[in-house]
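Structure first, commentary second.
To keep things simple, chains are lettered A, B, C, D and E as they appear, and every chain counts its residues starting from 1.
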Amino acid sequence: MSASTDDTPATSGPSRMDATRLAAILLPVAILLLAVAGWEAAVQLNEIPPYILPAPSQIAATLVKDWPVLFGSLLVTLRITFLALFAAVVGGVLLAILFAQSRWIELSFFPFAVILQVTPIVAIAPLLLIYLEPGTAVLVCAFLVAFFPILSNTALGLASADHNLRDLFDLYGASRFKQLIYLRLPAALPYFLGGLRIGGGLALIGAIVAEIAAGTAGQGSGLAFRIIESGYRLNIPRMFAALFLISVAGILIFLLFTALSHLLLHRWHESARKREA
Amino acid sequence: MSASTDDTPATSGPSRMDATRLAAILLPVAILLLAVAGWEAAVQLNEIPPYILPAPSQIAATLVKDWPVLFGSLLVTLRITFLALFAAVVGGVLLAILFAQSRWIELSFFPFAVILQVTPIVAIAPLLLIYLEPGTAVLVCAFLVAFFPILSNTALGLASADHNLRDLFDLYGASRFKQLIYLRLPAALPYFLGGLRIGGGLALIGAIVAEIAAGTAGQGSGLAFRIIESGYRLNIPRMFAALFLISVAGILIFLLFTALSHLLLHRWHESARKREA
Amino acid sequence: MMLASLSPTVADREPVVSLIGVGKTFSNGTMALENLNLDVFPGEFLSLLGPSGCGKSTALRLMAGLGRATCGEVSIVRHDPGEHRGDIGFVFQEPTLMPWATVADNVWLPLRLKGVSRAKADPVIRDSLALVGLAAFAGAYPRELSGGMKMRVSIARALATKPSILLMDEPFAALDEITRFKLNDDLLRLKAELGCTVVFVTHSVYESVYMSSRIVVMAARPGRVVSTIEVDVPMPRGESFRATARYAELCREASAALHGAMAPDDHL
Amino acid sequence: MMLASLSPTVADREPVVSLIGVGKTFSNGTMALENLNLDVFPGEFLSLLGPSGCGKSTALRLMAGLGRATCGEVSIVRHDPGEHRGDIGFVFQEPTLMPWATVADNVWLPLRLKGVSRAKADPVIRDSLALVGLAAFAGAYPRELSGGMKMRVSIARALATKPSILLMDEPFAALDEITRFKLNDDLLRLKAELGCTVVFVTHSVYESVYMSSRIVVMAARPGRVVSTIEVDVPMPRGESFRATARYAELCREASAALHGAMAPDDHL
Amino acid sequence: LDKVRFGTNWVAQAEHGGYYQAVVDGTYAKYGLDVEIVPGGPQSNNRMLLPVGKLDFYMGGNMIQAFSAVQENIPTLVVAAHFQKDPQVIISHPGMDKWEDLKGATLLISKEGLASFYQWMVSQYGFSESQVRPYNYNAAPFIADKKAGQQGYLTSEPLAVEREAGFKPNVFLLADYGFSTYATTVETRRDLVEKNPDLVQRFVDASAIGWYNYLYGDNAKANEAIKRDNPEMTDEQIAYSVAKMKEYGIVDSGDASDKGIGAMTDERMKDFFDKMVKAGVVPADLDYKKSYTLQFVNKGVGLDLKPKN
């Protein structure tokens, strides 16, 4: 969905169009259902015990049974996810803008961004906890997981603004700020949105990893804690129910940003524009 | 460095050019040294004990002292990193190509890619360990961490090929394959390389996370085990020495791909092309 | 096969391209063409003349099989039906070069897509580039060229396959008159040599008269054919043709038709 | 200020733009200009004529302060030195529109950069678009326009600020003759109204004679001035000028100069 | 009341019962303490919060980390040991019924385990690192491999395996094979011991009383508090844990029988230290005596609360 690239077959009339659109929704759902059915069959036929790989039916049953607990945890995880993503967008975009100001700044500070990206947060979580509240530490960890793709793609996008247009702005004496607002940022939009689609999933992972690394356990804990605790107690169906919720959240976040991309780009960028039939 | 975006000041002659180039290397190094000096001073002045935050001098001493052990582990981690990155590049690009074949395929299978991205590998490592050798399981885990940005950016790039050029290829009756080789892939290159810069760091993180989740420890263990072991033994300087090696590896990988980007793009893509002064 | 020097409006011949009642409405609702009827006969040099935005490019693309007509029928006959579209050359209104490839590699493209190796294609590439005066720029990248040079690379690319149908969308618009006149003559010579059919979009009345065997004048919104002018002067015409009374008369006629095609408010 | 109707080659006046011994070598080694000397005087309409690739665009960009000369001196005098470059209008050889903005927003840009709100700019945008015949396309995106329409948006944008210096790089190349003639006259009228200075790159000998008070002919590799032709016919000239003997004579003169500027092998 | 923060090294469970008991039944309050229990998690990040003063007491896992603290000049020490035996176990499939059988098995061991008790298993019994496969606190790979053994916590994994896989695994308590560390220790900062020994004494005494009451009295309220802090906790699990702690004498056995819960002796410390030196986990010249003090224990506090049978 990042890329509705294909030559859509020529359609003759609105009914055909609607059918295409309906299929666009039904087909992925059908394939997902097929995959789930295959999984169910594999588990049943091979008699795989639930503590190794639970059947989808069992996961569904667990999901219903444990809904209150799991849903509460899902909300906690989603809250961290969106806060972290918000911070990652603000931080990543601001840093990218800073880097775009001068090659010197970029050369000097990109290494620090790389260090932040590659430092395992399990290792630095204890240090963070010494100086920060646990809630803040979790957020910082999740941010660290999510910010780099946004920074990197936005920086690439800012650098990809058409040189002729940059000349035009220079000519009209546009300030750096106006050049940024009216030229660089719009030009960076497709790249930024690509980074956002990557960062959205990473923020979710980040929320999980951060909760494991720095979260306080017990009440008010998110899905990460449910997964670890369920794994520890060999309550694997419940663990998969939690994983299912994470997957659904991930897909929804991805669809959200894909829709946003389409909305913002479909009138002008190749990646989102339909080829004229 | 992803983006040598700035209007380089006009230079008059080769000596000025060389000075600029030298500064481009010296400045980041100077700033890094400054940061390290600041860290050292902060630790010394505030008398922060080494078990909370060791001074750079102490980390350096540990690095020298524990070099044989740490270097061996670094090699193990780097091996996983590059294998995972290789798999991520192959897998991500092939999937992106597959998705670019048809919107139906993309719609139907992108959700699975998202699921693979957001599923915490700590959770699925036990399942992998049941069916796979530990070495393979580690590789699969590291791959899962690294592949998505490459897939996502490459898919975006494949979709961003100029529609007029696509028309040209259609006109000449280019097969899908030739269209891919001669048009889509070159057009996707800047995006792919952006994904590679993100994926390089993630492969390194992935190698760490995967070792934690699925790696055999003891002999032949990588930096992840060193970090956990040092943490458990409260040997924080050694932990930081290991983190230092990871950071250096991360920066080198990033620089490698930045140089590769420059090499492949500087003659034609805005993001790497110098603006004519 | 010097049949190009004969008057090519042989109505009993099968058309190479035929548009019957063609309409084209873009997805944003713009109706670019309506009920467009146009046959292109083998060997003719057909010019499309019309105000900016009247649908010339859209019509030319449809003739090449690019995009689909919203209604009506587009049919294209190929000399060798097995060889998919390989016999069409197209010059887009914009240079449409691959920015990552050198000038020579851009010209190589249509041959490469036919499986011709670089070594085998080399003489053809060289000839094509020499024809448009860019032999010295084979190794340059498109970004390093002037506007007119880019357009000439695009022309060299279209000629590289020696196509049997050549569709050109204002190929010489970015060129100075001398270069343009030279290329006009080169194109006519090549057409005669290859015996190919040319559909040529131009906004120059003079160029259309000098080059064509037939001029089709279009009007805008919706794009349609408003008149057809037969240029009944045999080829080769040569520079002296520009000094003849017939030339001046045809130019006046075409100019009047173009004037007639302008609606006062919607184009200018 | 109707000073544009006077002959503007007043050598004792201070030039608005002055290039002295200018050379430009691109980073890939191409020497585009060498020892170029050119003064642009206030109120004149100066045309640059020359073969494709001779450095017209490069010279025009230098006059606008875009890019730096490798050697020599470029000086630009502004009416109001406080207002940084705001009084220059530039039409690039390519439309150079922001693909993410509508036609109206593209035309708004130079005003927006001066801090003019959309509401206040609206009448100006409307007038500019009406002038180029695109009033109906204010809400369209650049991708939805024909080649000529894009170029016209670019012209409308350059005119929106009513600049005192107007630099135009083959602005009408993509337009049919009728539209072009109309825009020629519109531009001359506007120039007279605004009293502005125009530097105009064209590849049409006829256009250069019709429009200019002075024609500078350039030759290529390295780009340099080879001759200057004063068009000593007062403004306004009107359509009838094209029928005069002086017009034909000047065209022949310019054409000859252009011929002389062509080296046989390196451009065509 | 003195405000005191006590950090545990895992999420709330029955193994922390004594402390919860002392909170809910007012024992700490009676000793002039307002205790807040800060549960740990999988990463046991609470460890470092003690020396920096964010915690006043920390629940240590075993003595290895206490030795490491001396080695790294971390100013903390052990002031009481509430588990006489470390509940660390190796479990195995039926069929591998003897300790010796484990040497031929695949052993699933965590990274932390590998850095600590497994080194002792290597040096003491000749296990090898090559037989180890990673354990991430999920026993599925163990269950799937009939030839495997796995590390565990006496009170957790055996129950999980029995409930989910339907067989009773063999349980080898490392303490019974000579892994002689104390466990569930109370650590505090050296300066607190020096400047406010009274506070430390009150915490150690009240905690011991808490443990007696949790094991032998009415622990319903403490269990409620545990479940409040850890909603995943089940009554079944708590009951199982308490039963196993009693059955194996985890809390109340050995020296604790007469010196009171929390008891420590120099002999046990030396014995374990020597084993760790042999295992290569700590250097022989380490001044391990700095890692603990007997100043606050072995006073028989709470012995009277123990049922007399």
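The rule is short, and it goes like this: contacts are C-beta pairs under 8 Å (C-beta built on N, C-alpha and C of every residue); 3 or more make two chains touch, one makes a residue touch a chain.
These figures come from a predicted structure and were not determined experimentally.
Chemist: Which contact partners do chain C and chain E have in common?
Modeler: Touching chain C as well as chain E, we find A, B.
Chemist: Would you kindly count the fewest steps from chain B to chain D, each step being a jump to a chain that touches the current one?
Modeler: Each step joins two touching chains, and the minimum needed here is 1.
Chemist: Suppose you list every residue number at the chain C-chain D interface; are over half of them used by both chains (same) or under half (different)?
Modeler: same
Chemist: Measuring between mean CA coordinates, which chain is farthest from chain C?
Modeler: E
Chemist: Chain A to chain D: how many Å between their CA centres?
Modeler: Each chain reduced to its C-alpha mean, chain A and chain D end up 49 Å apart.
Chemist: Could you give the separation in Å between the centres of chain C and chain D, each centre being the mean of its C-alpha atoms?
Modeler: Whole-Å distance between the two chain centres: 28.
Chemist: How many angstrom lie between the CA centroids of chain D and chain E, rounded to a whole number?
Modeler: 85
Chemist: If you average the CA atoms of chain A and of chain E, how many Å lie between those two points?
Modeler: So the centre of chain A lies 40 Å away from the centre of chain E.
Chemist: Where in chain E do residues touch two or more of the other chains?
Modeler: Expected reply: 47-48, 52, 136, 138, 140, 144.
Chemist: For chain C, what residues touch not just one other chain but two or more?
Modeler: Where chain C meets two or more other chains at a single residue, that happens at 26, 94.
Chemist: Taking each residue of chain A in turn, which ones touch at least two of the other chains?
Modeler: Within chain A, residues 52, 122, 126-127, 130, 162, 212, 228, 231, 239, 269, 273, 276 contact more than one other chain.
Chemist: Give every touching pair of chains, nothing left out.
Modeler: A-B, A-C, A-D, A-E, B-C, B-D, B-E, C-D
Chemist: Within their complex, state which residues of chain D touch chain B.
Modeler: It comes out as residues 26-27, 67-68.
Chemist: For the complex, which residues does chain B have touching chain E?
Modeler: Residues 49-52, 122, 125-127, 129-130, 134, 212-219, 224-225, 228-229, 232-236 of chain B touch chain E in their complex.
Chemist: Can you list the chain B residues touching chain C in their complex?
Modeler: Residue list for chain B touching chain C: 162, 164-165, 167-174, 178, 182-183, 186-187, 189, 267-269, 273.
Chemist: In their complex, what parts of chain E are in touch with chain A?
Modeler: Touch list, chain E to chain A: 11-12, 38-43, 45, 47-49, 52, 54, 136-140, 143-144, 156, 160-161, 163-165, 228-232, 237.
Chemist: Considering only the defined contacts, which chain B positions touch chain A in the complex?
Modeler: 1-6, 8, 23-24, 27-28, 31-32, 35, 52-53, 99-104, 106-112, 114-115, 117-120, 122-124, 126-127, 130, 148-149, 152-153, 155-156, 158-163, 166, 190-191, 194, 197-198, 201-202, 204-205, 208-209, 212, 224, 227-228, 231, 239, 242-243, 246-247, 249-251, 254, 269-273, 275-276
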